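Written out below as structure tokens is the structure these notes cover.
Chain IDs A, B, C and D follow the sequence of writing; residue 1 opens each chain.
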């Protein structure tokens, strides 16, 4: 996402009329992508925006203009507030956990060892299954009486004979976060592996000559060099995790007592169970604004930091 | 500062042996240059000294201590890499201070050391810059500085100047030499450039195909190359060679032929009549004079360097290069006369390549 | 060699917690998929079925149309990968190489398209395709997926393109190749690893996508694999775990094989691209 | 010169895209006869094939109407229907939960069928069930499935514990205690705390304690003294440790699975469980009795609805299809297939329902069946009720307080 530098030669060339024309012609290159996403994503976004400020029946038929009324309703709903808080926990925990696990995993997978390609394939495996399926399988795994998790724990001699993992919000949310981390790891590890392989080996040799232990070269060479990859992994994961629906929906439906509801499940319930498409649209707009704010702030901050280092 | 002793050092990758029993002693404060064509194993040897490559067999001693299984972190050597290997996320000062801060040195001490090094290397104005904003020469200096601040037991250089342009290379070469003179540090320097080797080294180690061909001072190597390989590798333009059969004249003096003309060979050669030898003559050691019409050699190409003139000649089907400081008025196609002086000849056994005189 | 063996042991040891957690559901799937329906909910649960039973897999393909669902998924994933590449390649090329007015705006726009979950947009999306008469049309999914996954493809490709020296193309121009020809003959072959990785990302995302496929494809014979599996859970009073686990296992295998065969390529493509 | 080539590239993309779109939008061949699209959700794996078969029979029987059957999983049904109606792509006939019907009818998505039904057709239904499909005097659909709920008990466990089949909640608690004491992995009674129909499980207790969902003034009955007592009844079971562990994590299916595996002494459930048990646990000895009583006999009557959509252009034909589906023979087959109670008067005397003790109990309880109210915002009310129940069962909140906030929410929604 970094801006490509204009070469001095390009910059100094005079902007003749023909050149400007040529630049406009170059629009042809990005036009197909803009058209495609504008029709397919732009129209639904427009619909959501429109519904957010309208009074809408459960089938999306507009009955009147509502102004900010829907937003007011959203803010007055304690479950929206609770879901927002839980979304924050969900996003921070999943993204944080993913990054914390993905870094050492990527570092190990970047080592040269026997069976590395098998290990890499296994780590990438969760990617091969859709989130909905993963969630479904995990719901079975953690089932209290028939799930394989308790079966395995019992076989190890642990007292989890029929422990009900999804019975409290805290325990259910923890399980969901762990599953969320598990499914985010493949993408994140891949990004980090890409970053690690781009660090020249001589840097490590230089550090070794400088007397750095393995740990020191990890903390002082590897991690700082991974920073751009870390940034992109964080931004993209935050966007994906914030909007991630199937895990929570399939495992707990947001329950018990809304204890695992996040904004996207809140929106889904409003729209498709309660028939309040307008309220759902308003909440969606808020979600969009939060993510936009986050992305802009984050990219701005990291760019600032990058600039300060120059 | 320290001495380095290498005994019968061997390196294999699987079944492929790349170093075949290297023996070498490097004295304290000595500047030793490893030189040889690419693939000769000189970088591998350096990296084995550094600890970056495992030693397959043999021993490496630094200051009398066996170092084979000591990790590079603990060998207390500094290395300047061909790519400089500067840490891109650290400033110049941080790069130089890195090793000291790893050792937990006091901040004031680090600053002093870095400041000193920066002054020696003229880097004071760049301390807060990141490597990517430096020129090649500046980066090279930072890499040097990173080594200097540590006061290591020895400096290892892995072709440090090969990424610089010619002028800068000459300049940095001089700086390295001066630095060595002022610091007196034991240095091992790898290069494929024989000029660098000649100008920098106290002693040069010429390597070929995983073996040491000869160890000696620059002038020893130039004057008495022990093998045909060394003779051909050291000196520019490269030495001229021609092959011939040893014959003895009535006085029992050895000679051979270039084409029809007899050429006297040096006396006291360990060679019998009938042996096939390779005779080497440096381009500077073949006097040349313009001939009227029937000189014994024909000019193929004239190269002017300003100070010297290089002539590429053909004599009885053999190519010769001759260098002269005289301003000869010759052009391609002209005939010239060459003289072969047996005192300047290097004679090698054509089979073994060993020196015979 | 022994050193590498020691390192290998350490690496596997370090990875083992994660590997166990990743493989655990697969063990569960395998165990359950090989059981008869009446073996799943018994007083004592066990890992091993009473006897190996492959009937669930047969049922899946013979009676539940899962083979057809896999083909539909393949069609959509391939189609989406092709279309998104077709639009992302020129866009990424322009971002990397050409002067285009509004580059920054375009980048922001791409980011914005990623900020909204398709679930939120489902009503609008459905209305759109209904208007276009593309409900129950696999191609609708091809376009929908390519629209949503295109932004990531543009980012990946652009950062990859940035690493390819401009000299190479300029050399081709000097050799007399037109811009298009140098793009095709010099540039494209060079960025093949990047394109391969980008394709894989798009393919996997499309292969796993659920909400849009569910909404737009109503007819049983048009469903994709993830939707088909969800439908197996969908009866009101019971979930057919034995069939679901078999289906999930089957849906994993093709992707896993692709991963295994190209993973080194995948990481090489990424590292050269340096997603920045 | 590069310009031309760029244009070429662009044209190529356009052509490719255009071809794809063209291929996609070839219109369906116009049909001479009416096509009636019917959408079903599946109760069991038998549902889909059953209706496919029925449609084939219907299509073979006449030439004017072509029935096309689609089926969807229940969890996705509501979202799909809303999406379809909003885009105008809804089928002509759709299956739905009766509790969604009110909202759909109020927002104009359904067609009233009073004038479409042929003479005498409405009279073939058991009045209770057809009345449930009426709002403001108009009929918005037909009761496609009806069930009452009863108490399933594991005969062997009761025998081992030495208890009789309980008839009151007090006896139930005692029995459950003894069953739980048998074995660590055996639980006295199942209480549902999550998922679909959690509120239904609570209604059993509510109605048998004399409470109701709405009071005589049409306000919420969620916080009445009877409702609090009904909740306390379940809390007592949970606190006595006689329920399955993790009530809040157990959905309807989890309880059924526990009962199937022989781990549960008592569970409250519907007739479909018979069919499931026959298939998955043929050796399990169980009986079905009435729901335990505190003050009143009661059961939960639930119907699902099949309606004609307002946008349908072939409503008359659609009605003909429905009447075919609801003829005596087809209804009986469906009822037997899925294990639902009769919705047609003609079925009530079938030996299948009267002689099988496992079906008869549901029929016996039909007169005391109570129903969820038909209000548009029912789903949202149920959701807040579920949340209040979860807080009460977990002990996080006092039941009276939790129920009061659910009642407030319901009242607010009633006022909307």
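Just so it is clear, contacts are C-beta pairs under 8 Å (C-beta built on N, C-alpha and C of every residue); 3 or more make two chains touch, one makes a residue touch a chain.
Note that the structure is a prediction, hence the values are computed from the model and not measured.
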Chain grouping by contact, computed as though chain A were missing: B | C, D
{"item": "Shortest walk length in steps over touching chains, chain B through to chain D", "value": "2"}
{"item": "Chain located farthest away, centre of chain B as origin (C-alpha)", "value": "D"}
{"item": "Chain pair whose interface holds the most contacting C-beta pairs", "value": "A-C"}
{"item": "Geometric centre distance via CA averages, chain D-chain C, whole Å", "value": "36"}
{"item": "Mean-CA-position distance for chain B and chain A (Å)", "value": "56"}
{"item": "Per-residue overlap in chain A, given as positions that touch at least 2 other chains", "value": "22, 28-29, 32, 60, 145-146, 268, 271, 277"}
{"item": "Multi-chain contact residues (two or more partners), chain D", "value": "6, 13, 17, 79, 82, 86, 185, 257-258, 261, 263"}
{"item": "Chain B residues counted as touching two or more neighbouring chains", "value": "none"}
{"item": "In contact (per the touch rule at the top): chain pairs", "value": "A-B, A-C, A-D, C-D"}
{"item": "Residue ranges of chain A in contact with chain B within the complex", "value": "200, 202-203, 205-213, 216, 220-221, 224-225, 227, 309-310"}
{"item": "Of chain D, residues touching chain A in the complex", "value": "3, 6-7, 10, 13, 17, 78-79, 82, 85-86, 103-104, 107-109, 184-185, 193-195, 244-250, 254, 257-258, 261, 263, 376-377, 379-380, 383, 386-388, 390-391, 394, 396"}
{"item": "List of chain B residues in touch with chain A within their complex", "value": "50-52, 71-74, 76-79, 81, 83, 85-90, 98-99, 102-103, 130, 133, 146, 150, 156"}
{"item": "Chain C - residues contacting chain A, complex", "value": "4-5, 7-8, 11-12, 14-15, 18-19, 21-29, 31-32, 40-41, 45-47, 83, 86-88, 90-91, 93-96, 98-104, 106-107, 109-117, 119-125, 127-128, 143-144, 146-148, 150-152, 154-155, 158-159, 162, 204, 207-211, 226, 229-230, 233, 241, 244-245, 248, 251-252, 255-256, 259-260, 263-264, 266-268, 270-276"}
{"item": "Contacting residues of chain C [partner chain D, same complex]", "value": "37-38, 41-43, 83, 86-87, 90, 122-123, 126-127, 130-135, 137, 139-140, 142-143, 178-181, 214-215, 218-220, 230-231, 233-240"}
